[in-house]
Amino acid sequence: MKIGTLSLDERKIIYAKSLGKKIADDVLEEIKPYTTKSIERAILRIFGVNGVNSKGIPYVNSIIDKFQEKNLISKGILFLISNALIKFNTNSIQRLIEEIDEDKINITKLEYGDKEKIKILAKDLIKDGVSKIVKKKKERENMILKYPLKEKPHLYVIVATGNIYEDAKQVKSAAYLGADFIAIIRSTAQSLLDYVPYGLTTEGYGGTYATQENFRFIREILDEVSKDIKKYVKLVNYSSGLCMPEISTLATLERLDLMVNDALYGILFRNLNPLRTMIDQRFSRFILHIGGIPIVTGEDNLIKTIDSKEFYYTVIVSQIINEQLAKNCGMDENEIGLGHAFELDPNLENGFLYEIAQAQLVRELFPNSPIKFMPPTRYKTGNIFLSHVMDTLFNIVANLTDQEIQLLGMLTEALHTPLVHDRYLSIENAKYIRNNLKSISNEFIIKDDGIIKKRAVEVFDKAVEKLEEISSMGLFKALEKGYFSDTKRLKEEGRGYEGVIKKDDDYLEIYDLL
Amino acid sequence: MKDKEKFIRPYGDTPDDGIIQISFTIPLPLPFSREVAKRIVKEMGLSDENIVFEKDIYSGFSFFIIYGKFNKYIDISKIKVKNNELTIPDFFEIEKIMEEKIGKKIKIIACTLGSDAHTVGLDAIINAKGYNGDNGLERYKGFEILNLGSQIQHELLIKKIQEYKPNVVLISQTVTQKNIHLKNLTLLSELLEAENLRDKILLICGGYKITPELAHELGYDMGFGANTYPSQVAYYIVNELIKRNLLDKWS
Amino acid sequence: MKIGTLSLDERKIIYAKSLGKKIADDVLEEIKPYTTKSIERAILRIFGVNGVNSKGIPYVNSIIDKFQEKNLISKGILFLISNALIKFNTNSIQRLIEEIDEDKINITKLEYGDKEKIKILAKDLIKDGVSKIVKKKKERENMILKYPLKEKPHLYVIVATGNIYEDAKQVKSAAYLGADFIAIIRSTAQSLLDYVPYGLTTEGYGGTYATQENFRFIREILDEVSKDIKKYVKLVNYSSGLCMPEISTLATLERLDLMVNDALYGILFRNLNPLRTMIDQRFSRFILHIGGIPIVTGEDNLIKTIDSKEFYYTVIVSQIINEQLAKNCGMDENEIGLGHAFELDPNLENGFLYEIAQAQLVRELFPNSPIKFMPPTRYKTGNIFLSHVMDTLFNIVANLTDQEIQLLGMLTEALHTPLVHDRYLSIENAKYIRNNLKSISNEFIIKDDGIIKKRAVEVFDKAVEKLEEISSMGLFKALEKGYFSDTKRLKEEGRGYEGVIKKDDDYLEIYDLL
Amino acid sequence: MKDKEKFIRPYGDTPDDGIIQISFTIPLPLPFSREVAKRIVKEMGLSDENIVFEKDIYSGFSFFIIYGKFNKYIDISKIKVKNNELTIPDFFEIEKIMEEKIGKKIKIIACTLGSDAHTVGLDAIINAKGYNGDNGLERYKGFEILNLGSQIQHELLIKKIQEYKPNVVLISQTVTQKNIHLKNLTLLSELLEAENLRDKILLICGGYKITPELAHELGYDMGFGANTYPSQVAYYIVNELIKRNLLDKWS
């Protein structure tokens, strides 16, 4: 069932993507004038600013807040820092930061020097900030060259103990059992925090805090294992929530390998302010691209709370928009891992055929994307045996339709975040299917008059129809109207709106400087 | 014979064979962990223990699947099942009761508390659409509902309660890892006491791991678990409000 | 994937079956001169002889043994009884039998009357014996008409407590859970007994004794359930072992609905004498056909002890022979449920594709047969979770290739005969697949250059090759040479050979009388 | 700290969470059976019991899947693992030992006893082909083997032993329902005693539910369970025959 078997109308695909492009371009125009607190903090992090002050507040937060209080932040931290460095002609940013934090420097008293000089310095600062990121990228490329992932679909599992030391043990177990991608999901509260916690953490709920130190700690352990098993096991986390840009930056600095990144998720399921998170997402994807870290998006969530058969098309709509949004940040198709999911009601007659149709449709619409296929969750119950069977069907569709990355279902999905042996059982299940069905995607031709073909076409047509509507009203309006997950979100409301900052003329665009 | 009927054991394929299936992980490597596993089964009072599968799952963990025999008997003569599956009248009957016995609107505030973003459960109870064909609370003329949605911090909720003056407060908790739901729920009932609001309201929580027993422990009037139907909740609310006459505590 | 998708060479299929016919005809010629003790006992049972004598020995055994001691049995019980009835001009066979048992009649002193008269009486006796059987057949047909089985594949489960009263409870549970066919498998010792136990039994090992009373007891319970759920649930047992003909007869009298019947199984796995059981099988299939009871064969066993990939072709060989053997007993294709199995090593790369190929091949070779597809067993381990996944793959192949009857795998296959909830979990698994994949056999075309097509052709070619060899040497010789399951069995050896009887000229052929 | 290392509990996703998964059937209908299920879990000494799935499976049975917490600790300082996983020398070494220390042929009789027709297990030990690449006993020059095959009645076996005069008797039992294997095996050792044959032979049984402990109880010298390798058996035979000098008991 290689690409092309659904024999979709090529012209229609091109048309659909052009609609996506228009939608993405309009968004870009709307957000261009703005930056956010988190972006400014992220820039400081690119410079290597780290640590917390005497009050336990991260320097990057205290600094940006100070500048905002004084209404200076609209110039952008890049401009402000460059200027200050020149004024005090020092080149130790960290020292400067600490002095500002301790109010040893009165930032309001700083008048501005020659803009050209500032710009040149800024450029240099960014350049060698970015050079560190590029170094990490090269490191990763070498590891991948030396220890490539062979079999597909790649197996992606989640670890979520809340305690980084327990995570470490379980990450190790998962890697040796055969996981290709391992995500440490975040504590439920984190995405609402407007700062990135500091240090190695042991107290999370439903996940573990994403911190620079936690990233480094786990990546080191995985490097050891990777060398041992001659396979570079990839580390995943979430560029998501109010600190999306900072987390993305930290991911590039600590050599994470894949980031879950989707503004839409934050908007719909975390009630983040649409404008804020769209602006953040632009920066995030920009920096991740520089760091050579692909993203995966969260369309799977769109069908977790509403009728998943009727509204499956929203997955396609979002994917087409998401792809264009990412391209506008400089990302290549092979860096854009669009998401979808196996979430139809198991009691649906011929549901399996619809799942095949949908998965194959996604595969054919985005032949170069490292598609992330998500497992059944919402219809899981405490019947762990039936749950394991549902995951088997999911694994089969993943292989039959040549998905690239499959996040493994857990037989205890309805009960708790995965236990160490839940992960074992689901990796075993997936490896069995991957080997026993190895060449299956090459064995069949989909009948033209079959249910699969019919379903695929019906979903795609519906998606195009909706894309037309959205492209004429704009994405923000569509969100207000509740086009996705039956949830209405207003452009001027939601968490983090206060962090949106209009840039003034002095603002130095990192996008331009590179 | 009588006895057999009075004393019960698990049934595999013959009465009283007592067969039980177990699985768990020991944080030690094989073969040592095998001995630990055996002792655990013994500690549970199972005999004929049979380790049917064992697997080293790396970094010092071993997984076991075991069958064993439960040797004791449960004396069922001692068991009384309290009928919590009491038959719920249908939508219209409940509305009728509300009209006749209450007359005025019942004010309800609802949210998912703390960092919990799971709304599907609460919405299934509140939204008109309801759950498995059973109308949600919004459909009942007698209810006036303010749904604050998800991830509501305790302080904010308290503020809202003081403003809105509800008769009923509905709280949903889905994430239970490290018992965060217990922390969240307890903190709320404490704050309500502190603010002298507790006795003004009927306090109800729900979520797939909530039980009535648990709810009582945490200082709630009632708790609803997995597969709750809105009508169960509506009927409970109506009866309780009347029983405790909680209808004009704010005036 | 409807019939024909493998586009096999039609001429080759016809040729293969002609080889099977030759093999079956040769067997028939060899066994025609013989009857067996069990056949003679079965004839008495057709007359309604039942019960045990004072020593607890079934009348049918004591009578036949007496005639054999006196070297009279070669005339056949039909002739002997008819003659005796005329002599004592009575028509109560049961009385006659009891008197013979108690030696009140000296059978040696009975000289023979007019052969024509005897033949006419014999004919009448058989006729009204058979009429009872036909009545039961009609009963079944009415039930099926009223409460048909709708969905396919039909779900077949096993009950095996050893105690008929526990069996009853579990049969009920299985029927309400959705089982379409329920087999009560027999105690491990029974097939070696040269008599059929009597009464309702409570002491069996790995199964429950097959007795007329047990048959009746369970069929009654199933009739109640069938009416309640408006679906005629079918009762299965084994026409197998040394009493194959008697059990078959009892099955027709107690309205069982399907019988597992395969001489080859007894020969290879019970070391029964090949001649004896082939003769018995002829009678069994003859009587089952009259009673309208289809058979299912045991080819699944052929790959349980040897390399199942290399020797899968032996399944096809045996099926082609078995079909012709059954036809020679008057059976129609829709009465011949040939067996095969999903028994490849789960660690085999692309094993799933081979399973599809093999199952589809069987389906296409025997389009009218109520094929019985058997689940994975030999590679099952104590890992009940993985075992459940293997059964899921089996269920999928059953649906993908349109099998008619699927015997459900059990997640505890490697541990014990099914517990009441093991059966629940496997019925749930199968029903989920059957509904969720309902139309899947219609969705795909098998690629011509694929692994599936290649495997199917390779297996079939090998089978034809072997059929050629066997047809030239004869089946008995092939058994001596160990053509099946790497087990050598001699025509004059094995259990029950002493029960083979050469007929003399007076012998009245039941086959002719009808 | 030391203590943590000395006392062990099952591990779910955090040390000492003690999580255990259980399933079984109660021969009573719901909701009554639920209470019985809860008591059984309590009887096993588990806390935080959580019935995650329950299903009426008809004719009076209910099936349960339950998670619970094992609260006690296993003191592992008390556990010594006896090394039954002792390293087995390879085929050639064993043959060498046989040549050097025994010299003459060791006579073995083997069969699957009673109504048991399962031969694959016994064949895996005996046939040259062996098991998972490990040579079967037939391959060893030093063994002379008479394999009677399957379903051998006790009397017949005794007769054959008297005729053949073996040093070793190998019995396989696969069917265990209603403990038929115990009946079969016990009967044999009794008959051997009665016939004064027991002390002439090394008596060994095997099968996927056989353990050394069980074998000893039943009066056998040794028992081999699931996944036994022929070399384990060969090595054991050689050592034991020498240790007990069982080589010329028939002369």
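All chains are identified by letter, namely A, B, C and D, in their written order; residue positions are counted from 1 within each chain.
Please note the rule applied: contacts are C-beta pairs under 8 Å (C-beta built on N, C-alpha and C of every residue); 3 or more make two chains touch, one makes a residue touch a chain.
As the structure is a computational prediction, the values presented were derived from the model and not from experiment.
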Query - Result of counting contacting C-beta pairs for C-D and A-D, higher pair - result: C-D
Report task. Find the chain most remote from chain B, comparing centres computed as mean CA coordinates. Result -> C
Query raised in the report: Whole-Å distance, chain A centre to chain D centre, using C-alpha means?
Result: 52
Query - Chain centre separation (chain A, chain C; CA means) in Å - result: 60
Report task. Using mean C-alpha positions as chain centres, tell me how far chain B is from chain D in Å, no decimals. Result -> 44
Report summary line: Distance between the CA centroids of chain C and chain D (whole Å) is 34
Query - Residues of chain A whose C-beta touches two or more other chains - result: 160, 162, 170, 385, 414, 416-417, 419-420
Report summary line: Check: chain D positions touching at least 2 other chains come out as 11-12, 14-15, 19, 21, 23-25, 55, 61
Query raised in the report: What kind of graph do the touching chains make: line, ring, star, complete, other?
Result: complete
Query - Contact set on chain C toward chain D in their complex - result: 160, 162, 169-170, 172-173, 176-177, 187-189, 192, 205-206, 269-271, 304-305, 382, 414, 416-417, 419-421, 424
Query - Of all residues in chain B, those that touch chain C in their complex - result: 11-15, 19, 21, 51-53, 55, 65, 67
Query - Residues of chain A defined as touching chain C within the complex - result: 346-353, 385-386, 388-390, 392-393, 396, 411, 425, 428-429, 432-433, 435-440, 442-447, 450-452
Query raised in the report: Can you name the residues of chain A that touch chain D in the complex?
Result: 160-163, 166, 170, 381-385, 414-420
Query raised in the report: In the complex of these two chains, what residues of chain B are touching chain A?
Result: 23-25, 55, 57-61, 63, 114-117, 119-120, 149-151, 175-178, 180, 208
